[in-house]
Each structure stands twice: as C-alpha cells, then as structure tokens.
Amino acid sequence: MASQFGERLRVSIYGESHGNGIGALIEGFPAGEHIDFDRLMRFMERRQGGRNALSTARKEPDVPEFVSGVFEDKTTGFPVCIRIANTNTRSGDYSNLALKPRPSHADYSAYMKWHGHADMRGGGHFSGRLTAPVCAAGGIAIQMLERRGIYVGAHLSSVGAARDDAFPMQPDPALFENIAAKSFPVISDEKGEQMQQEILAAREALDSVGGSIECMVTGLPAGLGDPMFDGIENRLARVLFGIPAVKGVEFGDGFALSEMRGSAANDPFGTDAQGNIITKTNRNGGILGGITTGMPVRFRVGIKPTPSIAQEQETVSLPDGTDTTIEIKGRHDPCIAQRAVPVIEAAAALTVLDVLLCDASQ
Amino acid sequence: MASQFGERLRVSIYGESHGNGIGALIEGFPAGEHIDFDRLMRFMERRQGGRNALSTARKEPDVPEFVSGVFEDKTTGFPVCIRIANTNTRSGDYSNLALKPRPSHADYSAYMKWHGHADMRGGGHFSGRLTAPVCAAGGIAIQMLERRGIYVGAHLSSVGAARDDAFPMQPDPALFENIAAKSFPVISDEKGEQMQQEILAAREALDSVGGSIECMVTGLPAGLGDPMFDGIENRLARVLFGIPAVKGVEFGDGFALSEMRGSAANDPFGTDAQGNIITKTNRNGGILGGITTGMPVRFRVGIKPTPSIAQEQETVSLPDGTDTTIEIKGRHDPCIAQRAVPVIEAAAALTVLDVLLCDASQ
Amino acid sequence: MASQFGERLRVSIYGESHGNGIGALIEGFPAGEHIDFDRLMRFMERRQGGRNALSTARKEPDVPEFVSGVFEDKTTGFPVCIRIANTNTRSGDYSNLALKPRPSHADYSAYMKWHGHADMRGGGHFSGRLTAPVCAAGGIAIQMLERRGIYVGAHLSSVGAARDDAFPMQPDPALFENIAAKSFPVISDEKGEQMQQEILAAREALDSVGGSIECMVTGLPAGLGDPMFDGIENRLARVLFGIPAVKGVEFGDGFALSEMRGSAANDPFGTDAQGNIITKTNRNGGILGGITTGMPVRFRVGIKPTPSIAQEQETVSLPDGTDTTIEIKGRHDPCIAQRAVPVIEAAAALTVLDVLLCDASQ
Amino acid sequence: MASQFGERLRVSIYGESHGNGIGALIEGFPAGEHIDFDRLMRFMERRQGGRNALSTARKEPDVPEFVSGVFEDKTTGFPVCIRIANTNTRSGDYSNLALKPRPSHADYSAYMKWHGHADMRGGGHFSGRLTAPVCAAGGIAIQMLERRGIYVGAHLSSVGAARDDAFPMQPDPALFENIAAKSFPVISDEKGEQMQQEILAAREALDSVGGSIECMVTGLPAGLGDPMFDGIENRLARVLFGIPAVKGVEFGDGFALSEMRGSAANDPFGTDAQGNIITKTNRNGGILGGITTGMPVRFRVGIKPTPSIAQEQETVSLPDGTDTTIEIKGRHDPCIAQRAVPVIEAAAALTVLDVLLCDASQ
C-alpha cells in the first residue's frame, strides 16, 4: 500500500494538495501519552514556507485537527485521525500543466499509472504539502521518544556545493534544540550564510538547487531493531524515500565507506569513562547488522533541486505526443531542503518509535 | 518481521551459517512458470567464492533443493520452499569470537538483542552466506521477468578509489549477459584490472576494501509502482539495505543531484525516433514520484569493506566489559563487493516482480 | 492492528462514539470508478435507527464527507478519507458507567487493556456507531462489484426463536433489492411480522433479543480466493467478527454439516442447461478449500442480544472491586440484528472486492 | 498471502501431500525458550492416523526436522524452519481424480484458479497432512504458553448427533492433560463410546460423518487483544477456517446467543472468593469487544464430514464438461474431527501467543 508505513505504529497519509483536506491516520500510539499541542504547532511551523525570501509565498496555517484517538490531551490507544484543512489553494496556476508533464515531477508517471484519474492539481498526493501530516504525526512521536530519553535532531548539511559542519559524535539534545530554533537550520551560521547565498543565487537565475540533510537519533539502547529486511536502516530508508525529492540515503559514512579500507572503516570497541561499552568511532552510524550498537544513529539524505523552475523547459504534449515546451508559473521554493529538515526528523521519530514498540514483544 | 520482504511476492529467508541449512520460502510466484535449473545454478555460482585469489577459500556447492511449490519443473502457485545444505563449516575458527565482538560485525548488537541466545557461529543469520537463498529466489524471478521483456543487470562500479565505466543510458540485455559471464563483473576490463589491484593490495596489507555496485532494470513500462512509501525506490531500498554491508542507496544521480541546480538535474521530456515518450536524460533513474517513467530504473549501492581483517583490532571482553584486542582468523574475502553483484540483481528482480504483481490489481 | 482489514483494499476505521467524528480511510479502491452518492446515502440509511419502534431514538444524519481520493465524483486511485460528524451525542447518559462495567459490553476489558485511558463515552470505538463508516466504504464497494456483475444481499434470518425463509440457491439481484427496500429486511413479511413481535415483546420486558443474518454474494467466478489462511472464509470471518455483537460465523450449512454424513453433505457436481459446471446443491456455501466454486457464496452470522437492557444487573465497582448493581439508561435498540443487515453486506462487499483485486495479480 | 498467519509471530505453512516435504517457517518465537522435543513428538502423534479402526491406515512418522532457528534445544530468536519428510505416499490412488473433481474437495476450485498447474496429488497443499506442520509449530507455542501460566485444551464435542459433555466453566490443566492422553479425546468416555459408534456406523455404510470440537484457553489476563478486526475472535477465526473442513466458528454460546434475550445472555460481573473480578457466567467465551475478560476463552468449531467416501458420487469430466460419476479409492478416515483436536489446540496456541507478543508493545 502506497501511503502507509510502520508495523506496530502504522501511519497512513491521505489527501491531495488542492482537495478538501490532508491528514494522517495513526494506529498504535501508546495510550495515555500527553500531547503538548503548542510544542507540536511550533514543530510543524518549521516546515512551513513564507517566512523569508528563501521559501514560497504560500502560507497556510496548517493547524492539525484531532478527529479521534485523543481525549483530554492524551492518546487513548485508538486510531488517531489528524486532519489539516486546505485553505489557500490557487489551482489556476496549475491548470495548463495537466497535459504537459513538468520535467522531474510525477505528472507523467502518474498520468501513465492512473490514466488521467489522479487529482494532480497542485501536485495532488505527490505535493510537498503532504509532508505536513507526516510532521503532525512525527511531532507527537518526538514528544513520546523524549519521555523515553531518546532525542532526534537534524540540520541542513549542504546546499549545492556549500556545506555545513557535521554533527559531533555524541550531540547533546541542546544542540538539536538550538538548531530547531533557527530560521535556517544549520550548525554553523557562517556556513549557513554561504548556503543561503547558493539558494538566492539559484533563485535569481530562475533556477533551483538541491541539498542534503544529516539526522541523528541519540539515547537508543543497544540491541534495537531486526536483522535483514527490518533493520533500522531498512525501515528508515523505506520511509525516507517517501519524502518528496529524496534520491539518496546513507548510514554512518555511507558511500564514503565504499572507498575505504576495513582498517579505517571499522569502529573499534572500547569503554567510556563510566565503563559503558562504546565504539571509539561511529562510521557505521550506530547500526550493525540492522541493529543498534548504543551509539547514536546517524544518516544522511540527498534531496534533488526543486523540479519547478521558472525557465522554459522541454516537454511533450500528452494528447498527441509531440514535443513542446513549458514555463511553470506559481509559487515555488528555490530550495526545498531546508524545509525538509523537520520532515526528516518526523520520519525518523515515527520509525524509531515503531521499532521500540516492536521490540517490546521480544 | 526481520527476514521477510515483499507484498504479493513474499520472500522469507531462513537459516544460520553453521546450522542445519539455509533457504528461502517464497509465496506468490505466478503458477505455471518454467524454471531453467541449469541457468539458475549458473546464476547462483556467480556469488560463490573460491574461484580466484580475490575470494575466500570456502567452497560449497550451494545446490538449492526445491522442497515444495515446483512440480514437473514449473511453479504450482503454492509456496516455494528452497533449501540449501550447509556442508563445509568450520566452527572452530569462530569459537573465540563469541565474547569478543568483532568490530563492524553484528556480534555486539546481536548479543545485546538476544542476550546470547543467537546462534552466531560463522555470523549466524547475519552471514553473507544468507545471500545464497536470496540469489536462488531472485534467479527464478529474473527468468520470469525476462519472459515479460524485463532485464536486470549490474556491475561493480568501484573498488576503493578505482572506478569502472558507467552503464549507458539504455543498456542492451547483451551487455548484462556479457558482464555476467565475466569472472570479475565490470564493464571495462581495463578499469577492472585496476579494481582488482585495489583488492589484492588490501589483501597483502592484511586489510579489506569497500566497493559500489550500479544496477539497472530495463523494459519496465511507465506507470509502475506506488506513491509515497511504496514507490520503486522505497521497496528497493528496504530490500537492498538487507544485504550485508550495504550502507548507502541512491537512485539515478542520487546524492550528486543534491549538488546540482534544477536546470541541470531535471530530465527534459521528448520523443524518440519511434514516437515514444522518453526523457532525454535519466538523472532521476527512471523513477518520478516513486513510479516508473518508462526509462530504465537505475540505482547504486555502497558496500563497506569486509569487517573481518587479519590485523589486530581493539574490542572489549563482553563478560567483564574490559578493553582487549582481537585477531580474526578464518577465511575472509578482502572485498565482498564483487560477489554481491548477483545478489543486488536478485534483490532488484524480486522487488520489481512484486511491484508488477501488485500493479496487476489496479 | 486493530482497526484495519484488507490486503490490496485496505480499510481503516477510526473515531469514537462521542468524539469529534468517525470515519474510514480506504486505500486501494481502483481509480476512475464513479460513485453514486444518492445511492450510497440510501444504503447508509438502512443501518440508521430512529425509523420505528424497533430502534433507538438517536437520529444522526450520517452524511459521509469525502476528504480525499474522490475528484469529480470518481475515485482517483489515492487513499479515500471519509468523515462522518458526531452531532447528536448525549454523554451524560453514560457518565455513571465508567466505573461500573456494563455486563457483556467492552467496558471492563477495555478498562483492563488501556488502564482507563480509552475514551469510552457512548461505547467509544466499540460503539455500533462505528459501523457507519464500514457502510460508507462498503456501499462504494457494492457499486464497484455490481459493475463487475457481482451482487451482495442479506436478510435478517432469525430473531430469537422466529425464523425467516432461507435464500433460494441462486437468488436474483432483484430479490436483494426487494429486501433492501423494506423497513424490516426479511424475505417473508409474514415471518417478519413474528420476528418484529419478538423484538417488541423483549422491549416490553425491558429486555433485548438476539438474531442472525444470512448473506449471499452472487456472480463470483470459480477459482477466486486463496488456500489455507487467506481463503474467502478466513477473510470474511476476520472482518465479520469485527462487527459488534457477532459471536458466530458459518459458511454454507455450517455447523449443521458437522451433524451430517458425507453422502448428505457433499455437493455433487453437474452441468446446468447452458453447459456450465455447477454443484447441484450448495451446502458448502460456494467455497471449497477457501476458493470459490462459481456457486453463490453463502454464510450466516449469529448476533447476540443488545447488552444494554433497562433491567437492573449485577456488576462490580472498579475502584474498590466490590459487588454492586447497575441500571443502564439511555437510548438502546431492543434488537440490533436488523440494523446490522447492511453492515454485513458492506463487510462482505469490501472483502470480496479485496479478493478480486488480489487475484488479479495471479 | 494464503499460507501465512500471525503478526508478531508469523507462521507460514508449505508443502504438498505427495511432494518432497512439508513444513513451517515461523518468525517471531521469543529467543532462549527451551523446546522439549519428546513432548512435542507426543503432541504431534495425537493428530496422526493409523492407530485404530477410526482412522486411515496411512502411517508416517512425521518427525519434524529443525533446519534453523534452534540451537542447543533453545530458540535463537531467528526464523525457525521445520521440515517433515513425505515418506509414505501412494499417488496411484489419486491418479484418476485429476480430471474428475471429487465432490466437496478443492479439486475443482483449485483447477479453476491455477488452470491445472497446482500439484493436487493427494490433495496437494489442501491435504489434511498440511496440519502436521501446524501442530509442530503449535506444539512449541503450547510449551511457551505453559511457561506463562496459560493452558490450551480441546475435546471432540460431537460426532453426528452424539454429544460429549461440555467443558466446565473453569477447567483445570489436569483435565486438558487427561483428555490429551486418551486415544479418543472426549471428556465422558461413555458419551465417547456413542460417538465412536457413529463413526463406525458411517464407515460401515461406506460413508463419513462430521463433528465439532470445543476448545478453551485458560490463564489469560484480562485486557488482551485488540478492538474491531484484530480481536481474539477475529484472529482465531482467520486461522481456524484455515484448517481443512472447518465450516463454522462460534465463541462462547455463539449462535445460541442469537436466540436468547439479553437478560439471559449477559454475563453478570462479580468477585470470587479471592476478590478477583470475574463474570458469574461465561456465555461470551471470555471475550468482550474482542478483548479478554480474564475468564477462559472458549470457542467451538464445526467440521464437515470427510468428503472422500467410497460411495459412487456424481461429478463432471473437466476436459469436456460432461456429467459422469466417481468412486474414490484410497485410505480415508470416516471422521476427521477427532484427529483435528490437537490441530485446533495448535492453532489456538499460536494465535494466543501472537496476541501476547503484540500486546507487549502497548
């Protein structure tokens, strides 16, 4: 099934960009967990556009309504249905796109799959807007994880050729909070300045630019996850590739490991000052054989440039299959990677909480 | 569930490296499909070691026995149980490892998860040997796909710093066959020579080295797959990260897209000489919104160096949690990436066949 | 997961009786299918109370809002989110029940499972009201099935000791329509009169009464379904036991077969006037080995009496575990079986449509 | 998927009656659980034929080989693959059946589904022989449940018109053991004598006869299971209808409840001598809203007569669709219900253990 993930914590995403609403149905949240709605709203605001020159002008409140599963600010143990209204749609902007597929968008592949029945206004179910319910669900998971001593944080690690600093090996929750509070979610504000310049330069050139995000989860015990196809890596990857524009996922040093020798890539075991078993490096990203080592889980995702650019592009006319061109109008972010940062955190939190719930049965 | 993947074609892997046997249970193969067992054996031999100085000396015949689901050389439509005997195990080599976890192996995380109950002799269920049943199942899927005009091929795209040529945009099935017939599965034998030098140099240094694999699937129609969490990317990634030592997966140009501008990253639509709709480049790897575009699906996986190296390494003694060292004996490949090539093909074939079966219902 | 069923057509039910709303999220409806909303409303009205002395006085419009997945009156192929508002709740009626579990309700088992966190006002997620979204989803499935020549019908086959006639072996769709149009859904109005007398007598005695429902699905081809645990019987049973108060499910002659000899129970094969292969009797309910025979699928469900009765009943006080009594006030049907008739049809339609979609891949 | 059930404890059954072997693959058994193989063998012997005049003459040792997942007599936490050899097959007996479907067998429906590709020798995957691996897996689950204070027992409650006594409301584990040790598994040996007469009379008439089984699970805590579609009832029913010849399942008083009034059907709450909350009757079979009440779970299954009878029966010739007759030779039980008793226990144990594992995450 396309729009669902998770085993004991099952998240289903629904809705279209310009339809009646979007939302999530979550089954499996533990019962009796308090939800801090103010904090959830602040988390969701991090993914919204319109705050500065870097983002689209579309502003929607994105207030999640809890239709079910929450009573007196606590989860009840029953399915939680979240609904977010669509209030600020301008379908006219997209009207000419239906029969001229936009390059690197899902217009053509969706047309071929659903034979024209898909409601593709504003990108339909493929719209980045569908990450709002992912954040609503994930923002709740983050609160539940913190109650268990587990913290999730991410930062924009690159935009085009500009790079942020990397996370330290054992980041403090305060660092995560610090980044989350920034309007541009980076570790080094100086490097962040260069990254913003990349975005503004792309915008000026009627173009867009890609980026990457580094994410970490701290506080996980060793021995979490399953071997083979349900390891932490497998589950995270399945969800992360569901976030629009993600084209690469790597754990620890990832692809760089493929260029190393074993003596440099292996993480030696040792003990810390308190006598806990640790690895002295964490090039495997806290996961061996799909299962946590007790070191922080660390991964990186690569995000392609916003496909919608104002330049004229080559395409075809679908009814007659002839070559033509397209100029995309409407509101588009020159870079979506910075807005994806909380979405990656949300996806990580939902996946990790699911693994925790699954492992409780073992 | 750890050892299972697939929705309409469900593959379960079982067994431990030094137990009674290993195998796969596959539910969902279409009925009445002929299996060419000779061809299957040749496919499986590609992942086996012992053929040259690059691989481990362990040689096992790895002949799959079909316990069920096949009658008169055809699938019956019922669960296919495949069993491969374990005949050449030397557990003694591993006996001292139980309480000294090998760096970058799953020993420690497995110990913490199963509290010592896991049968970790020879790596147990985490052993690379468990990819043999993946190949047995995948080798059948490859035959079924070819009957439908779909071809799967892969090559070793890098070892350490040495790189093979890349696949052309529209590779011919003959190229796949040509690579598969080589003892070192590369496109350019000249580049392959450099790659082999990397492996031999690592071996001489009592070390190992990582590598990467590029894989393509041709002949897929446009419109295949599902949006969000069940796209081709999500499903492939979930399975690929189940192959031991895979630490990164990227589609099309993957992480390189995150450094590009949209004008360079977008694939323009156009028509070919026969009037078919194509993209003029394929930087998105044949997938948009999780769904095929009709262009070949293309992805790359990064594989870390063999964790077992002959050098002394730092570790801890599990009973008392004190620092110690380990020297790993036994038979180990200095590079496992070249043997993983058919495993990646098998994983891709099983995933694509599952998507085809799922999409038949839409 | 509790509130979800189906494999290729996945139906999730959400909401609580006295919460913000109830509904269903359905993934897997084929794309491009027209929905006749008037007809759907008529179908849903069949399960609503308040029409006569036999039912509760609670009247709610139960108008399903389609939040997603439907565009210009057609399915889009994306998740369909249905929402029904809760407008007519009187929680006060239930306020004293929280700590005195009502006999044969889920109050006590839910209290023990969720430790008091469940929102049990009005029965919460266990309320019969949750069958409204099942009908909304099922009413759409019924329309899709009819387009494929498949018809679903049911009637109230017994109330207490009073029994309706049985369905003929090959009922016409007109018979199903005829029953559906009646305010009391029986085949024989004369027998129906006796059944209504049973209900009124129970009501007069401040009591309730159980009943049973016979359901049939016609027009199914032979060869549909799967062996062992995913046969038509397994799938139907799993869903049917999800309908509140269902305590028994039998296929064909069901339990009566256990009292027969094989010579009387076996259905002889033969041919009809058109040369089609049929069985001359249909004691197996159109299913052999879990797979359709081409004869109509036939099953019966047993429904226990409404647990809420106005008589004083023995219970315990949960905080202190002492014996006490309870008198249940509020609006309660003396028999819920007649209102369950369309719910059974909806459950059957959703299950059969799912099987059809699954089998398309074989 | 047809041959798999369970969520956290996933059981897959494979094999055909006259193929290379049959077995089960079980994922999710907790790690470190000792298996008493002698006891497992005794459990499996209960379902085997050939012990007396009531059963078929086919005798096979049915010794389960543990291919994986068990090390030093303990579960390892990895998939357990069980294999049972097929040693005593006489396919000749069935050779003439292929094109003349046997009434009330799956021959015809399987032929229509797999278009002749199914290996139906000896009933293939539909054979009662496939219940041997269910017992092998279930026999292990029973041992694990007992370690948790949970006991499963069943008896043959009727054969034709002859009836055994019913279980008491709170049966002692000793009663279960006592029945299990009998060659004819009933509570009252006197009633059992009548039941055996029914079987022998059917056999003498070249006929067969059906029966029913009552099963109970004691020691379950209150609050186990899930609402709606994953209640204890839903899960048990899905598995039970996977046992060949089961045509009806009811919980507690089941269909009899549909003939009662609420005042008679409701189970009053009260306290026992130790102050525990109980229900004073258990007409709901220990389940309310799908969730355990703490009272024993109780259900009954109806089993149709063995379809294979020696009398001439009407059928059709599949190639040309003409009416013909069939006389079934070979070894057939005049009643299969008594051999199904441990199979029902196995199915119940596997389902209950799965529910326990699932609920650990809540």
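By letter and in written order, the chains are A, B, C and D; residue numbering begins at 1 in each of them.
The rule is simple: a contact is a pair of C-beta atoms (placed from the backbone, for glycine too) under 8 Å apart; a residue touches a chain by one contact, two chains touch by 3 or more.
Please read all numbers here as calculations on a predicted model, not as lab measurements.
Between chain A and chain D, the least number of touch steps comes to 1.
Set side by side, B-D and C-D show the greater C-beta contact count at C-D.
When every chain is reduced to the mean of its CA atoms, the largest separation from chain D belongs to A. For this pair, chain B with chain D, the centres built from the Cα atoms lie 40 Å apart. Distance between chain centres (mean CA atoms), chain C to chain D: 26 Å.
For chain D, the set of residues that touch two or more other chains comprises 1-4, 13, 28, 31, 77-78, 113-114, 125, 227, 362. Within the complex formed with chain C, the residues of chain A that make contact are 1-4, 10, 12-16, 19-23, 25, 27-28, 31-32, 65-69, 71, 74-81, 83, 113-115, 117-119, 124-125.
Residues 1-5, 7, 13, 101, 103-106, 108-114, 125-126, 130, 158, 160-161, 202, 205, 207-212, 221-231, 233-235, 237-242, 244, 247-263, 265-271, 275, 277, 279-280, 284-285, 287-294, 302-309, 311, 313-316, 321-323, 337, 359, 362 of chain B are the ones touching chain A in the complex.
Partner chain C is touched in their complex by these residues of chain B: 8, 28, 30-31, 77-78, 227, 357-358, 360-362.
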